[in-house]
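Each of the next two complexes has chain A plus one other chain: chain B in the first, chain C in the second.
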Partner chain A sequence: MCIERSRPQFDKKKYIEAPQEPDVVIYYREIGRKEPDIIRVYEYEEAYVVCPTGETKVLAEPGFYRIYSRPARVTWVRLSKLTLTVGVPSTNLPFRYGVHADIVLFPKNVQMIVIGVAKMAREGVITIDLIKEELRRILRDAVLNVKLDPNKPRKEIISRIHEEINTLLKRSWLSMFVCDVQGIGFSHECELAKFLEG
Partner chain B sequence: MVGGTDIKRTLLLLHTLNCCPFCGAPLKIVDGKCDACGSVIDRNLIISYVKAKLSQDMYEGLDEVRIMDSIAEASYRLSLASEYLRSRIIMSMRERIDELRREEKEIHPVFEEISRREREILERLESVLNKQQEALRIRTVDALERAYNELLAALKQYGRNIPPEVLGLYTLPDFALEIADKYHKANDYNNAVRWYGFAVVATMYPESPPKGLPKRMSVVHIPYGITHIGIFDGDFDGKPEVFYVPSMGVAGLKIPCVVINEGGVNWNPLNGYGVVFPIFGNLGKYSVVIFAWESSRLPDAKLISMGKEIRIIRDSETQYTLPTYAISYADIDNDGHIELIVLTGRGKTLILDSKDDHFVAKVISVGNISSIATPKLGDVVRFVAMTMDGRLLMIDPITRDVSPIEFGFRNADSVIISSGDLDKDGFDEIYVSTMDGGYRYVFKNGGYQGSKIVDGDVLGMQVVDINGDKEDELIVLKRGRGLILEIYSLRRALGVNVLEKIASYQIGTTYDVARAKMSYEAPFGSRPIFICEDIDLDGAPEILVGLEKSFLIIDPKYA
Partner chain C sequence: MSSIVRSQLELFISSERVTIRNSLRDARAEAIEKRDYDLSASLEEIENMLMGFMPIKSAFPTPDEYINALRSYAFTLSLLSSLFRHAGISTETLSMAKKLMSITLEKVEMGKLIENAKKILSEKEYGREVFIDGCKTYVGLLVGRVKEFDRQELHIVKEALTEIFAGGKPIRRLSDLAKELGAREKDLMRILKRMPDIDPNIIVKEKYVAMKNKLKEYIEDLLSDKGYILISDQAKELSLEPKYVVDALKILRDIFPNLRIYEDKIVYTPNILANYVEDIVRESIVISYEELAAKLGIHPKLVAEMLKETSRYFSETAIIEKVLINKKRIVSWLSKIFGDRPIIFVDEVAGIVGVSSKTAKAIADLAAALSKGDIVIRQNRVIYKPNMIRILSEAIREQVLPEDIASLKETDPRLVEDAVYKQIYQKLLDFEKTVMRGG
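And now, the complex of A and B:
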């Protein structure tokens, strides 16, 4: 293992953390020998560290950690940003209504995160917009595949969409996540839509 | 971006237009589009809907552009609030989530619970906000009490899960100030400080990132002075806390220390001490040292860390207490950890440097000091002091050599000095705020040369970037007809650097204000303080001002 807990640091120049921009969900970075050897994990994050030996360590506890063997690859994932509402408008579907789903993504396969994300480049970010775009596409395909009928019981709709999204998710670049569909809604349930129709 | 009050008012309107007509998702507009499905939301539709659905007094004063702006801003704030809440709830359920993940069980029930709790808290806060608006509209004590009880009940039930950003979004500053003033006038100072703390949170949040010069200044006026104040991220949550020891100038006021920007909560991790004040930072072996006074009558303080009293070695003698009138800190010997600077009275100032488990004290004897600054001159740090008899001195903290900069300042006990590199030459200038004006000293040819740059009764000056252009400006707070905050920028003209006033703001205060004075007779008296620092991390500095029995928190707003 190449990492151990460190005492708190007050000087921001002495440690590395994921950028605080609100749209960053995943941040990955290779930490070289000439860079600060301490990383910070916040309460709402998880970090995955790949040591030079190839060993992977999950940092689920917030705090400061010292990487004593470098270069190491670190991926930060912001858990609280992975509860998303994505929608497909009525104009993109062959029926007269649009659909939205409340979806929770959860990092499941650590190895996949490391392989899928951290090895892409020395440093980079995955933003919420990128994830939403992919989820919109998946939701649209899922809605079309299950031949959605809004008159069916809501629980049944949610369960079928949930299964279909998880199937489609595995084939997408978001395969490191497992998905949980919390709820489904339709545009015709919205008062504003009725107002729009006059 | 619109002002905080509009956002808070609009939050209440949102539930009536809570969905996107194209996908049915809760309406969050980003760049004119639904955040869930990306459909363009026609502004005419929203405006017609608002006008058709709501009574005029709900949107009175908002023109069409502001209706759209405030709806977009409020829905964005709502989504941020929801994210903050979710973070806290996830944290509180972390063990359960990890367990489910280890055992590869279904995560659905746990995330359903997270969403349910989040909805429950937001609905409760919406009702709290509604009641505050009603109380401010009706202005009866009964209505105030109803709103007060509602807010307290919500905090009691969900307090741990409500971060300051969310609390601030759902609290009206006027309401919190009204309650605080009632407590203050009833001599219940503990509750008054707490509610002033809520007013601070409600003023700061929603945050206002700089977009050019501020449009206005929001002010919270606390009727207790400052004895000690420090800004540190003490709990390592990434956001600074303001630790504030109120001055004991009000009979009966006994508050050990409060975190004023987190709802005015009392902070005292030690038993048996009447006043405490922490310094967080890299102090060698320690990452926090608490100055602890047993009584608010005596200046003698112990230094405590990790539950133990710290020894102080001074001239080969061991001490466990120090008379402490004011505390500052800086890495003055460039060794990577900070030293503590303690004004101890009897003409002596101590520089405490940590060695293993104790501090070694270096004594600087130049007379009693009223204010200090630690300017950087290239790579070295100097120690500049204003003595109570009006001498401005530069001191080498290593050799303790003293060089005078200027003599003869009047009323030196109320002077504040600060340092900053406005001209970006690598050498900090010194700014001296006095009753007779503001002075600027520039380091040239191995020494400081200075002149008066601002006339009038100057309460404080500091170099900071207030308009977000990555260039520093000079902030000046003056006392004239009321308080006036001026912003100066340094520009090149006539072949020299010229300060130009670029903005001026009237600062409204609730009570009369007077300069605070440093006094070695009153160990817990009001100290003259002027600090500009970004506390809510919106990119713009908040301005903290210590006056006689008054503490002003000024938050620049950019919309």
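And now, the complex of A and C:
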């Protein structure tokens, strides 16, 4: 293992942490020899460290950790629920109305992020906007797949969309999440959808 | 040493929390996917509880108190991971997990915590297995890393042993136990050698560990089934060398004073063995020591020795020389040998039983004494009076005395004559009755 607990550091230059912006969900970075060897993990996140030997260490407890064997790849994952409202305008759908959904994303198999998403580059972030983009595409596909009928009972619509989105999530790069569809709206029903369409 | 314990426990708590949390998170994702919001809410609650489930060093006035708290938390986490592993994640197991964490947070002492945890888990049938597994995890965590266990940890070992022994053999090889607890024999022995101080019910020897009360129950069950135990059979059954079985049984005599171990080969209690032998004798009626030894699967010499003490407990069995006799059934047994014959020779009885004429005569004497006069012994002849009377009755009618009765008359005229007179008297009585009835 290439990591151990370290004393708290007060000089921000001496350690690396994930960006504090609230829209950053995942931050990954390869830490080289010339960079600070200490990383910080906050209480609302988890970090995964892939050591040079290939071992992966999960840092589930907040604190400072020293990486004594580098280069190591570190991925920070924000663990809080992501509540998002995603809409598909009517122009993107073959019906005369647009659809929007209130979706809560839960991280499922966080380790998949390390072996999947976060190996694309030496450093990068996955933001809420990026996730929303993908979710919008998934919602559109889900709406088309289930042949949505707005006249059906709302609970039934939500249940079918929930099921379909979760199926589609597994096939997307967001497969480390599951979602809970809390509500579905149509453009002729609410101002938000009209706004999204506009 | 306490610093080793401390770091070990801290490491365990931190890694175990992550492991449990990951499985809870997976379960929660699954619950969300299935839209089981009650379960997902419970999972979230437990996950949050788990996040803060670590004693804070600064909250304890002394290092010892901090280590004690670490012990409690580590023990509870062992139980939690065992609970989820054995019974899966459900609202039921989550509620138990919540209770377990709550009692730990109450900062009760370890003994009380163990007791309460056991009580909570025993509500379900899988609880025992969960408890053993949790204890095993905890013991495995420290065995080999610390030279000696703290008294509280020894209590956990004791509980683990009690549960392990509750569901299996009452005596186990140390090597098997080490495998079961995931420890090296040497390390385990170092820990276990202090166990008898904690619980005198536990026997810890170089090669085996036993629970006295369980062993007693086990032996009692075997004895009630078979009346005696062959050490060699039990050694095979328990996968132990016979000398260790004998050793354990000798120690067991502290609480089982009636237990006899004869020549390290056979185990019995005189009263139970007496009942068992009496059952055999009741069935066979007359049985020699050799036959009994063959039935018990031991040497006749051993039978003789064992019966010296055991015979005091016999109620309906007599011993003549080296023959056991059921007193209640000896007369009918002998009468069957007679068949229709009035006289047999002692040698015939000797031949049937397989004993000397002297012993056979003694058996016949006993039968005679118990027969209320039906059986009479005259030198080497055994006379069965009911048969003799029946034959004499015919002889009076036909006026010819059979050869064997005639021969008996020569040696013992009084006996035959008495019988003849009795028969004549009987016939006269019968005649008188017939006349009186006017027939």
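One rule holds in what follows: the second predicted complex is superposed on the first by the 182 of 198 C-alpha atoms of A that agree within 3 Å, B and C clash if a C-alpha of one lies under 4 Å from a C-alpha of the other, contacts with A are read in each partner's own complex, and residues count from 1 in each chain.
Operating definition for what follows: contacts are C-beta pairs under 8 Å (C-beta built on N, C-alpha and C of every residue); 3 or more make two chains touch, one makes a residue touch a chain.
Source: prediction; values computed, not measured.
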First, second, both or neither for A:134, with chain B first and chain C second: neither
Partner chain(s) touched by A:166 [first = chain B, second = chain C, both, neither]: second
Touched partner set for A:60, first chain B, second chain C, both or neither: both
Touching partner for A:178 - first (chain B), second (chain C), both, neither: both
Most chain A residues touched (candidates chain B, chain C): B
Contacts of A:108 with chain B and chain C, given as first, second, both or neither: both
Intersection of chain A interface sets (partners chain B, chain C): 60, 104, 106, 108, 178, 180
Contact footprint of chain C on chain A as seen in their complex: 58, 60-61, 104, 106-110, 159, 162, 166, 178-180
List of chain B residues in touch with chain A within their complex: 17, 19-28, 34-39, 45, 48-49, 52, 80, 83-84, 86-87, 90-91, 94, 98, 101, 106-108, 111-112, 114-115, 232-233, 236-238, 280-282, 287, 537
Contact footprint of chain B on chain A as seen in their complex: 7-11, 20, 22, 42-44, 60, 62-63, 79-81, 83, 85-92, 97-100, 102, 104, 106, 108, 132, 136, 178, 180, 182-183, 185-193, 195-196
Interface residues, chain C side, partner chain A - complex: 14, 17-18, 21-22, 25-26, 28-30, 32-33, 35
